[in-house]
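To keep things simple, chains are lettered A, B, C, D, E and F as they appear, and every chain counts its residues starting from 1.
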Amino acid sequence: MAQIVSFGEVLMRLSTPGFSRFEQARQFNVTYAGGEANVSAALSYWGHHAAHVTRFPDSPIGRAATQYLDFIGLDTSHIVYGGNRIAVYFLETGVAMRGSQIVYDRANSALAEMQPEDVNWEEILKDAKWFHWAGITPALSQGAADTLLAGVKAAKKLGVTVSGDIFYRPNLWKYGKKPTEILPEITANTDIVIANGENIKEIFDIDGNDFVESCVNLQKAYPGVKMVVDTKRTSISASHNLLRAYLWNGKELLETGDIEINPIIDRVGGGDAFIAGLIHGLITFDDQLKALEFGVAASALKHTIEGDALISTVAEVEAIRKGETSGRIKR
Amino acid sequence: MAQIVSFGEVLMRLSTPGFSRFEQARQFNVTYAGGEANVSAALSYWGHHAAHVTRFPDSPIGRAATQYLDFIGLDTSHIVYGGNRIAVYFLETGVAMRGSQIVYDRANSALAEMQPEDVNWEEILKDAKWFHWAGITPALSQGAADTLLAGVKAAKKLGVTVSGDIFYRPNLWKYGKKPTEILPEITANTDIVIANGENIKEIFDIDGNDFVESCVNLQKAYPGVKMVVDTKRTSISASHNLLRAYLWNGKELLETGDIEINPIIDRVGGGDAFIAGLIHGLITFDDQLKALEFGVAASALKHTIEGDALISTVAEVEAIRKGETSGRIKR
Amino acid sequence: MAQIVSFGEVLMRLSTPGFSRFEQARQFNVTYAGGEANVSAALSYWGHHAAHVTRFPDSPIGRAATQYLDFIGLDTSHIVYGGNRIAVYFLETGVAMRGSQIVYDRANSALAEMQPEDVNWEEILKDAKWFHWAGITPALSQGAADTLLAGVKAAKKLGVTVSGDIFYRPNLWKYGKKPTEILPEITANTDIVIANGENIKEIFDIDGNDFVESCVNLQKAYPGVKMVVDTKRTSISASHNLLRAYLWNGKELLETGDIEINPIIDRVGGGDAFIAGLIHGLITFDDQLKALEFGVAASALKHTIEGDALISTVAEVEAIRKGETSGRIKR
Amino acid sequence: MAQIVSFGEVLMRLSTPGFSRFEQARQFNVTYAGGEANVSAALSYWGHHAAHVTRFPDSPIGRAATQYLDFIGLDTSHIVYGGNRIAVYFLETGVAMRGSQIVYDRANSALAEMQPEDVNWEEILKDAKWFHWAGITPALSQGAADTLLAGVKAAKKLGVTVSGDIFYRPNLWKYGKKPTEILPEITANTDIVIANGENIKEIFDIDGNDFVESCVNLQKAYPGVKMVVDTKRTSISASHNLLRAYLWNGKELLETGDIEINPIIDRVGGGDAFIAGLIHGLITFDDQLKALEFGVAASALKHTIEGDALISTVAEVEAIRKGETSGRIKR
Amino acid sequence: MAQIVSFGEVLMRLSTPGFSRFEQARQFNVTYAGGEANVSAALSYWGHHAAHVTRFPDSPIGRAATQYLDFIGLDTSHIVYGGNRIAVYFLETGVAMRGSQIVYDRANSALAEMQPEDVNWEEILKDAKWFHWAGITPALSQGAADTLLAGVKAAKKLGVTVSGDIFYRPNLWKYGKKPTEILPEITANTDIVIANGENIKEIFDIDGNDFVESCVNLQKAYPGVKMVVDTKRTSISASHNLLRAYLWNGKELLETGDIEINPIIDRVGGGDAFIAGLIHGLITFDDQLKALEFGVAASALKHTIEGDALISTVAEVEAIRKGETSGRIKR
Amino acid sequence: MAQIVSFGEVLMRLSTPGFSRFEQARQFNVTYAGGEANVSAALSYWGHHAAHVTRFPDSPIGRAATQYLDFIGLDTSHIVYGGNRIAVYFLETGVAMRGSQIVYDRANSALAEMQPEDVNWEEILKDAKWFHWAGITPALSQGAADTLLAGVKAAKKLGVTVSGDIFYRPNLWKYGKKPTEILPEITANTDIVIANGENIKEIFDIDGNDFVESCVNLQKAYPGVKMVVDTKRTSISASHNLLRAYLWNGKELLETGDIEINPIIDRVGGGDAFIAGLIHGLITFDDQLKALEFGVAASALKHTIEGDALISTVAEVEAIRKGETSGRIKR
């Protein structure tokens, strides 16, 4: 039934209130979030039936996490229960010249201990249009990597479009494999890659003098890749950023203008909102640049909302895409 | 006893905390506010005895609303009790490129079901200097319109100065009358009109090539109108605005400079604070431009305060009027 | 797909924090709740796929309400959008000798303006086992009553078990019909009636010297009614209650012991939790008394939880049913 | 205009949230309260026009305190501004076997530095029915004692009924005078004295074998005293009390039954609510026992409300007086 | 310098506000706590210089935990930094018949990965009077067990009194050793053992027909053990308990009366407060029964305070020990 | 043991939440802070053992204040207990053109009633490197001035570096002495003076055509003074400032660039953070300009943190000193 399916770890997000430092916090705000689920949640708000696949411990905490995903509109019927703990991340939101801080505690999570047999991908994906993954999942464990690989292969087989956020954090790969051993096969089953030139070099060892050349060379190696997409953030301070994006579609480089964001309320999840916007645009519009702009507008809007998830309507994002950023009251 | 009397609906204001979206809010901040009461409340803080006339249900909610008006300094002894419900508005405060959203739920309110015989205007206004109304009231119901008309007529009779905020929201007029059938007679009994050229055209069908010409033509039709006042807001984002004002006094157009507001905490009630400042200035100063500037300063200050009501001293507003906007600590 | 289907108004619940009085509250806690949805939500926590049918305005507030129902586990795919406002209720939670206070503001709600053609009952109920309604719905408007009647008839036709909470508040019936004109036909299509002898007298004009005789006479008039169920609350104070229940199954009167609840955190929704527990028991157990006890245990547990909805596991309720009420820590 | 006039210090009340200890609190709840103002506030809720006379510093804090008194319904037009600081008290609310703790910081308050010439008692009391004072005021300073004495004399002269809460805390009398030098003259101008036998002994050096004998002897010495009233609290724990009251009217001893309060939310102000209830009863009913019971009921109800002030309707108190203490929901 | 030294894991405590369920919580209250640190913290409030030895990750979270221990009065100069994560426990506080729930997430904590060489016990204990440990520590890992063993041996060597809370949770022992392989040697170096007969059987395989016989037999096997202490909790509900304690001193069984606690605010840490009280009593009083009673009083008081730590003065505990449990206000 | 020793009043800081006005606040945030303690607290976070000397009342409030100083890392073992009250300051944080407001209530505080014999300076300072004071202390009372003078003399004798923040508020000197009678002797024992030219003129009656000349002349009069330091704040609004600093070392004037701060969360304590940074730099670096820049960076960072105290690591400040102010996320 789900049109959009995403797969990835969902963490308990424990953030200090306002701009408090960790040491000051006597309360944490608690939500549940993960890059891939963030993408699906935004799409769900925009009317797509979106299911997220993940694994939670079979405990009150796992139930609380599931209910939160229900709340942000996700179909949670494919969540797997088992394992010992939910991954956690601690967030202290920065302001002015003080950047936000994130402390992860994700080792040995329920998802990291997942195995391919936990998921019946063909069943889950049978009515889907789109499958989305991110590069963190295969970095967590062999089981997570294998489960993802099974997912992208099933998607490919069923003709489902696959997008992958090639997100490279070297310090995550601790289970004995290198990204270069794992990501190529997954990428070979992926249609749309979110990556910059540096990622392409580090992960695939593919060079280029500029972004376009890197993309061209990536497509040579991975002919299934139809688009490569990247964003550029100009960070004036933790409270003031500019955002734009690029899309290489195999023929030309599309590029948006900058959107100014000042002040920023919460930039975590901004990249996921961009991907969600792009996916919505590519599914809905017959205009890749408009889709890219919709992604940047969605990302900008996300920065004004506390929490990883972009809660919005299509109309709100579209208005920003069209340049209506003066913030007048809507009655 | 009251020097200032205002009349109009007071709504329960339910606002999401901080910049939360409606969907995120598990708490609403609750106050009670309305455009005309906001004007009186600001004047009360500045030392004027100000009474507000409205109608609340005779219920715990009506009592809570009354107590809130007591809290913001209003004389509540002329409030009428009856009817079935208090009007409500839901507010989500915007930030950066995301504008604030207001959802009204005001149909069938206690005030909309009010009748002229509920109020003894001559008694209430007998010691007053000033009576203030706004264009929303006659839009609500025939009873509300009639009650207001009785009020302005009594004021006129007693020599009380009348100001009216000609505020036109076409979607409010649902009881079968058009503004053009109702507002002319009320305006004929009004000394100071807050309106822009567009309002003058829409409501009175009076044209003009510019604001001054519209004002001149309005005064021709309504010779009792002594001044027409308007503000201009430049909206860079929901967090950053510039504000200025104009006043046509029948002879010349007075105009203030811009005040910059960055960041904005809550812009709802900003227009009411302007009117309050203008009224205070016209009562207190022998200088219309200074009064107009006091209005703009009051409005700017309001934007830094959560809630509809401007809580301030005369000295604070006067300092801003004089350009002391560097925000140094006062000890 | 849904096994359980309920139908009824969902209100925005605005409650003062802790035990604050309305006049003291500068914040309201906000959730969304209604008697029939409360029943379905509890059943959803216990593993039943439960859908709730209602009508919300097509607005940010309507979306927020839907998300809240998603959060408490309901299938919201059959919600209808339209109308002008969401019904609201204000709650002040009592303590010791001070009772809770509820102020309703539900006139002209989206549901009250609903029409039978808004719902395709046969589609919604096609896989259902159980349909639940309450006596408030037909009290709201002719449209609501007609929609409900269509629902129970469809359920009957499809062989779905129907339960009805005959809840009589005379002051709700304002649209020109009396309960005696409306409820008989609905009840004729209902299998399990929640009512006490007084309700049976007032609504159906059926007398009895005691509860059993009233039930026997009700069944004579409405042979489709298989069970009549009632609870008895002994109220020592707003903080301390005893709870028990009775069930007439046409042959014998089953009766549970009392469960003591001290202190009570929030008793709103306690009756709905009882019904949910009873339904779960009747579906799951082959023992009507055990089902009745499960209902009382569920209701007792609800009193310890803030909000209308009973968030619990089957194991938690079952433990209380078995008398494990000493409140030891679970690790 | 005021029917009820009270005089006394109003302190900033800084209380820890819930049952937190001082060391744990990172927030304090802040209200403004004092024994005599508490009496007037309760009377104001019950429809009496009640003014409170006190002195606040002319500062933002003094303005905030005034607004709070406006909020709880007091006429604040007779408040005097001057002095250096507002008195403060810190409250930690106890529970179970842990009692509440109060730390006072009231030396050198605006009221302690008050002088009789600050108040025009004859003007303030000219339309009053009742004047209320408490024994703390003359303990603070000579100026406060003199101001109070001027007040009771003016009241006597104008035929206003005077009640005095003879509240003796030896450690307050620090300005060089003893209560025995000050209180007799004030008491000679007082009609109704709230005191127990121990107070009568300590303050007036008047003995008695029991309460009645003490009262008789007090009346011999102070023939203007028409009634002596006392309450009796049985303290099972900080959360569970019983409350009753006695009234000697010169002829007989009236005595109420106990009201049980469990759990207690906030017992501060309970004695003031009793006095308010008694005053309301004596003004309104022609039945002294009923008035005394109304006082006990008001006091009991106060224990369920956070803050010093009893927010209630006459109907709520009357229902408790009649024994409706089962705490059922009011809809 | 420290008189009291404790050793053990400190966990981040994430508790839902009030009595909210995990699923409802959008905020967690966050403190840092552990059984042994709780003992030291209570002793620190009573004037003992108390140091706690533990291990935290060298991260903002580790720093926040340290600061919290500073806040509750502990000497944190012997904390060791390293490892990957802080242990976490989630707490949902129960009420009435609903018990509290604790979910642990403590595997692979910084302390579990500790090694004996991380701590210079002889340096730390050189001026100490008392060393306290609990049975959870050796259950976590071989390294933790070895570090503890080194600690008790050093204490023994330096003549420091050692107390051990023999707390047996079978599901904690996951690193391949059984308690029977580890605890005997640690216990052999311990003077005062907190344990019941069941623990003695399970851990030491020492039987007895009653508590005294078990103690006698334990002392035969472990002649260094001078006292065995146990508490007995009667749980009427999660909100209402009775508490008493027993002490076998090798000659006689001392036993206190029950203290009633109603309502309970937070019972977590109640056992640790008992041990702290006992230690304080044994150090300070020359009366073992009085020490035992002081422990029970301390434990009872802890139940009225949110958080694991008992914040109190000696005078407060002593008053409860003497039976002053009526909860009167202290001014 | 302490390397850093500071001396001065610590006040209870009661601040309104967010940007609320005093009149709006129903809660105050409560911490404990003072200029000199703020300096020590920042140094403690950076690894210096820092003790603060002050005087608190021997009360629950005094204990709460001590615990807060423990929390921010201070050695509180030299705090003296006695006196009647803790000083208080009320803070309303400004935004945009509205400046923050501070209302002090510090008369008759425990510290103001302190005497030199309360402190054994030679014992406290025996291992110290640095002693810090501020000009508010000698303004409070003769006792406070004498205690400070004894402190600087002891420091001089023991070779401890002394810094003094010559902070002149004329309205504080109320005990009969003028600064010119008191500050010269204290300054004669001070190595590093924080002051601007205006202070030097007002307090020491020493003139200069510019800052350097004032410094040169100050050094002539007080040859012990080795450095004079000043900061310059450019205040665009309450939310947007620029900050720089100057240092005269007897030979040359060192000057930093501006750091931009936008938005400001809380500027109180910004000057103290500067001094802490400077002290850390002078102790740690062999580069006075770098030390001065570290001070400005520390001050800027403080503006992003609520509360008087700068909670930070050396690395965080050093990054800002190096110009890393783009606020990127740290993971």
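Quick note on the criterion: a contact is a pair of C-beta atoms (placed from the backbone, for glycine too) under 8 Å apart; a residue touches a chain by one contact, two chains touch by 3 or more.
A quick note: this is a predicted structure, and the numbers were derived from the prediction, not measured.
The chains touching chain B as well as chain E are A, C, D, F.
Within the contact network of the assembly, the step distance from chain B to chain F comes to 1.
Homomeric contact chain A/chain B: same residue numbering on both sides for under half of the interface positions.
Among the other chains, the CA centroid farthest from that of chain B is the one of E. Work out the mean CA point of chain D and of chain E, and you get 46 Å between them. Between chain A and chain C, the centres computed from C-alpha atoms are 40 Å apart.
Across the assembly, chain C contributes residues 21, 23, 26, 67, 101, 263 that each touch 2 or more other chains.
Taken as a contact graph, with one node per protein chain and an edge wherever two chains touch, the assembly fits none of the named shapes, being neither a line, a ring, a star nor a complete graph. Remark: the chains found to touch one another pair up as A-B, A-C, A-E, A-F, B-C, B-D, B-F, C-D, C-E, D-E, D-F, E-F. Remark: chain C residues 14, 17, 21-23, 25-31, 59-61, 63-64, 67, 84-86, 88, 90, 92, 101, 103, 105, 107-108 touch chain B in the complex.
Remark: chain A residues 259-265, 300-301, 303-307, 311, 316, 320, 325-331 touch chain B in the complex.
Of all the residues in chain F, the ones that touch chain E in their complex are 67-68, 70-73. Those residues of chain F whose C-beta lies close enough to touch chain B in the complex are 18-21, 23-24, 94-102, 104, 169, 235-240, 263, 267-268.
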